[in-house]
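The same subunit A turns up in both complexes below, where it pairs with subunit B and then with subunit C.
Showing the complex of A and B:
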C-alpha cells in the first residue's frame, strides 16, 4: 500500500475519533452548558486505562504502570470509558454543586494542569513523561494484520463505533432527558423552578460526555500503540472546543463537520507538510494560531456554527415563535439580526 | 530547621510574584466580571519583551527593561480589550463566549510566542549575586528587590483604591456597574485604565517570575496560571485584599511543602488547598457577596 493511503486512513481515523470526542464535549457544553475546560484530562484517563489494561504485566517491559492485565480489545476500551466516567462523577460531586460558570472553568483548567503534572512526574502510575508504548494491536492474534492493513481496518472499526455512539447520542438528545439538558443550559433557575434537579442532570451529562471522552481516548492509544503527556497538554481541550463551535454547538451532525474542518484539515493535514529547516515545530505553532483565529471569527460572524442547532418545535405551544422564545440562547439571538436563525428546517432531528 | 527557613524564604518570594499577578487578575475581574484565561500568556510575553530589551536589542539594565516590558503588556491589554474582548463581552450576555475567546487568545498568544522565541529556556543578563542572611532567612539581593517591589505595589494599589477618584470609581463599578454608570462614572474610561493596570501587573509579574525562577520560556506563564487561580479563589474571587492574602498563603504553602514532599509536586499543593477551600468555605476566605 502506498504512503498516500496510509496518510488518508490516518486522517479518516482522526475524523471519526474527534467526532466521538466532540459529541462528548457537546453534551456537556453544547447541550447542558457546563464549560468543561478539563475535557482532555478525561480523554487521557480513557487512553491510559485502556492502554494499561491491554498491556501485559509490567515486569520486564522496561515500563512502569498499574493494571497490566492483557485484556482483549473491546473490553479494555469499555473499561477506559467507564474509568473516565467514574472520575467525572468524583469531579462533579466536588465542583458542580458549588460553583458558577467561570469559577468552575478555573477549577477545571487547574485540574487539567494538575492531572498533567502528576502523570508526568509520578512514574509508577502510567510511566511518567515517557508514557505508555508497545500497546498490543487489537485483534493482532486473530486477524494477523500487517502494519499497513491495520490502519485502514482500525479506521473502519473507529467509524463503526462512531456510528453506534452517534445513534445513541441522537436518542439521548431527542429524549425528555435531552430537553432537560437544554433547559438547564438556557436557564438553570427556570429549570429548577420547574422541578428539574439541576445538579443531578449536570452530573448525568458529565457522566455521558466523559464516557465518550474515554472511548475516544482509548481508540487513540489502540490506534497509535502509544500515548504520553505531550498528547494531552491542557491546550488540546481548546481543539475539541474549536471542533464543536465550528461545527455547530448543539448539533450532533455538526460535530462530524467540525471534526473534518478543524481536526482533519487544519490540525492533521499540515502535519504531513515538510517541516521548515531550522525551525522545528513552526508549522504546528502557526496551525494552532490559525485554529484560534478561526474560532474567534466563527464566534463573531457565525456563532451558530456551520451546521446550526435545529429549533425544536414544541407542538403544544404551537408556532415557531414560542420555540424561538423558549430557545432564546445567545447564539440564536446573535444570529437573528443576520436573518439566518429561522432559515434552518424545523422539527426533531 | 535550616531547610524549613530556606523554604520560607523561597515561599515569600513566590508569594510576592503571586501577589502582583493575583491583584492584576482580580482588578480586571472585578470590573469586567469575567476571567481572562490568557493572563498567563500576558505574563510570559512581558517576561519575553523584557528579555529582548535586556539581552538582545538594547542590553538595558534588567530593572529598566522590566519597566519597559510591563508597560508594553499594559498597552497590549488595552488594545486586545478594544479590538477583541470588549466587543465580545458587549455582544454576548452569557459569559461562556468571552471565556472561550480568552481561552483561544491564550492559545494564539502561546503559539505566537513559541513561533518567535522557540521553546528554549532563556536567562536574563544579571550580575552574579550572593545570598545573605536576613534574620533566619537566606535571600539574594534580587529576591529582596522582588519582595520590595511587591510590598510597594500592594501599598500603592491599596492607596489608589481608597483615596483616588479612579480607585473609588473602580470599587463602585466592581460593586454595581449600572449604578456606577448612572452616578456619572465614565465606565468606559475606568475599564480601559483597569485593563492597562492589569496588563502592566501581568507583564511585571511575568518578569519577576523569570528573575526569581532564574529562567523563562513561553510556557512559564501557562503553568503558573493555576497557582494564581488558587490564590484568587482561596482569597475570595473579586476581592483585592483576599487575593493578597491568598497569594501569601499559597506562596508559602507551595514552597514550604517542597521541603517535605518531592518538589516536583510543589505546585500541586496549591490545588489541594484550592479543593479544600471549595469543600469547606467555597466562597473563599474573604468572600464578597454576589461574586461567587
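Showing the complex of A and C:
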C-alpha cells in the first residue's frame, strides 16, 4: 500500500476518534453545561487502562504497569470506557455537588494537571514518562494483518464504533432525559424548581461523556500501539473544545464536522505536508495557532458553530397534525370571557 | 376543614397547605428574613405583600427550596420539609415562578413545558433503550397536554419559538404555564403581574382564579392592592423579614399599624407600577 493511503487512513481514524471524543464532551458541556476542563484526563484513563489490560503481565517486558491481563479486544476497550466513567463518578461526587460552573472548571483544570503529573512521575502505574508501548494489535492472531492492512482495517473498525455510539447518543439527546440535560444547562435553579435532581442528572451526563472519552482514548492506544504523557498534555482538552465549538455545540452531526475541520484538516493534515526547508517541525507548531485563530473567529462570527443546535419542533416531538390543527389561539380566545380574551398574547407592554 | 371560600378569620380556618414558623435568613450579616411565620390556607389565593426589600422573594426562595434558611421550620401539609432540596419540594407538588422570568432559553416554548411534566419514564436511560414504546406514548400524552396548556395561556402559536425570543409579557405567561404543566397542588408566584400591561394583568388574574377553581393553593407576591382585593382571599403582610399581620385585606386596612407603617408605602409602590 502506498504512503498516501497510509496517511489517508490515519486521517480517517482520527476523524472518527475525535468524533467520539467530541460527542462525549458535547453531552457534558454542550447538553448539560458542565465545563469539563479535565476532559483529556478521562481520555488518558481510557487509553492507559485499555492498553494495560491488553498487555501481558509486566514482568520481563521492561515496562512497569498495573493490570497486564492480556485481555482481547474489545473487552479491554469496554473496560477502558468503564474505568473513565468510574473515575468520572468519583470526581463528580467530590466536585459537582458543591461547585458550580466556573469554580468547577477551575477545580477540573487542576485535576487534569494533577493526573498528568502523577502519571508522568509515578512509574509503577503506567510506566511514567515513557508511557505504554508494544500494545498488542487487536485481532492480531486472528486476522494476520500486516502493518499496512491494519491501518485501513482499524480505521473502519473505529468508524463502525463511532456510528454505533452516534446512534446511541442521538437516542439519548432526543429523549426526555436529553431535554432535562439541556434544561440544567440553560438554568439549573429552574430545573431544580421543576423537580429535577440536578446533581444526579449531571452525574449521568458526566458518566456517559466520560465513557465516550474512555473509548476514544482506548482506540488511540489500540491504533498507535503506544500512549504516553506527550499525547495528553492538559491543553489537549481545548482541542476537543475547539472541535465542538467549531462543529456546533449541542448538535451530534456538528461533532463529525468539527472533527473533520479541526482534527483532520488543521491538526493532522499539516503533519503530512512536506516540511519547509531548514525549518523542520515549523508547520506543526502553526497547528495550534491556526486552531486558536479559528476558534476566536468562530466565537466572534458564528458562535453557534458550523452545524448549529436544532430547535426541536412540536411535530418532531410527537405532536400529531391532528393535535396541532385542533387547537388555535383565536378559537380559544373567543371562548374565554371578554375581559380576559382582550389580552392577546402580543398585546402586552 | 371547610371549603368556605371566605372563612371568618376567628372561626373555621381551612387547613394550611403550606406553613412556616420563625424562618430566618441573613446575607452577609444583613437579616433579610427575621422570623417570618405564617400559614397558607388550602385551596385559597393568598397574597404576600410588603414594601420592597421586606424579604418576600427570599421567603419564596426558601419555601420552594431554591435557598436554604438559617433557622425556623417549613411544612407542606403536615410534613416538615425545612431545607429540603428544591427538587424534592417540587415533587410534593409545590411549584414556584420567578420574579424576573427565567425561561429555559435554548429550548422551545413547548419544550419548556415538557421539562416540567412530572414522572417521565424517558428520564431513565434504561427506559429510553429498553422500553421505547412506553417513553414514546408518554411523550405523546405530555405533548398533547402541554399544547392544551399553551392554548389556555395564549402561547400556542409560539410553541416552536425559542423561549429566549419571547417578549417580557409572554415570558411571564410561560413561567406560569410551565409551573401549571407540573400539575401543582401549591403554586408560589413571585410578582406574576409586575411590569405587564393592564390587559395582561386582567388575563393573568383570570388564570389564577381558574387555578383556584381546580383546587390549587396559590401564594402570590403582589404590590397592586386592587389586584389583591379582587383575587386574593387572604393576605400576609411582611415587613423587615417579619410577619406583621395576616387576615383579609379589608380587616388589614383597619389595622392602624399596617396602614401607617406599610400599606401606604405599598400603595405608593403600586401607583408607580
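Odds and ends about this structure:
Please note the rule applied: the second predicted complex is superposed on the first by the 305 of 349 C-alpha atoms of A that agree within 3 Å, B and C clash if a C-alpha of one lies under 4 Å from a C-alpha of the other, contacts with A are read in each partner's own complex, and residues count from 1 in each chain.
In this section, a contact is a pair of C-beta atoms (placed from the backbone, for glycine too) under 8 Å apart; a residue touches a chain by one contact, two chains touch by 3 or more.
Predicted model only: the values in this text are computed from it and were never measured.
Judged by the touch definition given at the top, the superposed model places A:62 against neither subunit B nor subunit C. Once the two complexes are overlaid on the shared chain, A:285 sits against subunit B while remaining clear of subunit C. Of the two partner chains, subunit B is the only one that A:95 touches; subunit C does not reach it.
According to the touch criterion, the shared surface of subunit A, contacted by subunit B in one complex and subunit C in the other, consists of residues 329. Only residues 171-172, 175-177, 179-180, 182-183, 185-187, 189-198, 204, 250, 309, 311-314, 317-320, 323-324, 327-329, 332-333, 336-337, 339-340, 342-349 of subunit A touch subunit C when the two sit together in their complex.
Of all the residues in subunit C, the ones that touch subunit A in their complex are 64-66, 85-87, 90-91, 95-96, 98, 102-108, 110-111, 114-116, 118, 120-125, 128-129, 135-136, 139-140, 143-144, 147-148, 151-152, 154-160, 162, 167-170, 172-173, 178, 182, 196-197, 199-200, 202-203, 206.
By the touch criterion stated above, subunit A contacts subunit B in their complex at residues 29, 33, 35, 37, 94-95, 98-103, 105-107, 109-111, 113-114, 117-118, 121, 234-235, 238, 241-242, 245, 281-282, 285-286, 288-289, 291-293, 295-296, 299-300, 303, 329-330, 334. Looking at the complex, you find that subunit B touches subunit A at residues 34-35, 37, 84, 87-88, 91-97, 99-101, 103-108, 110-112, 114-115, 119, 222-223, 225-226, 229-230, 232-233, 237, 262, 264-265, 267-268, 271, 274-275, 278-279, 282, 292.
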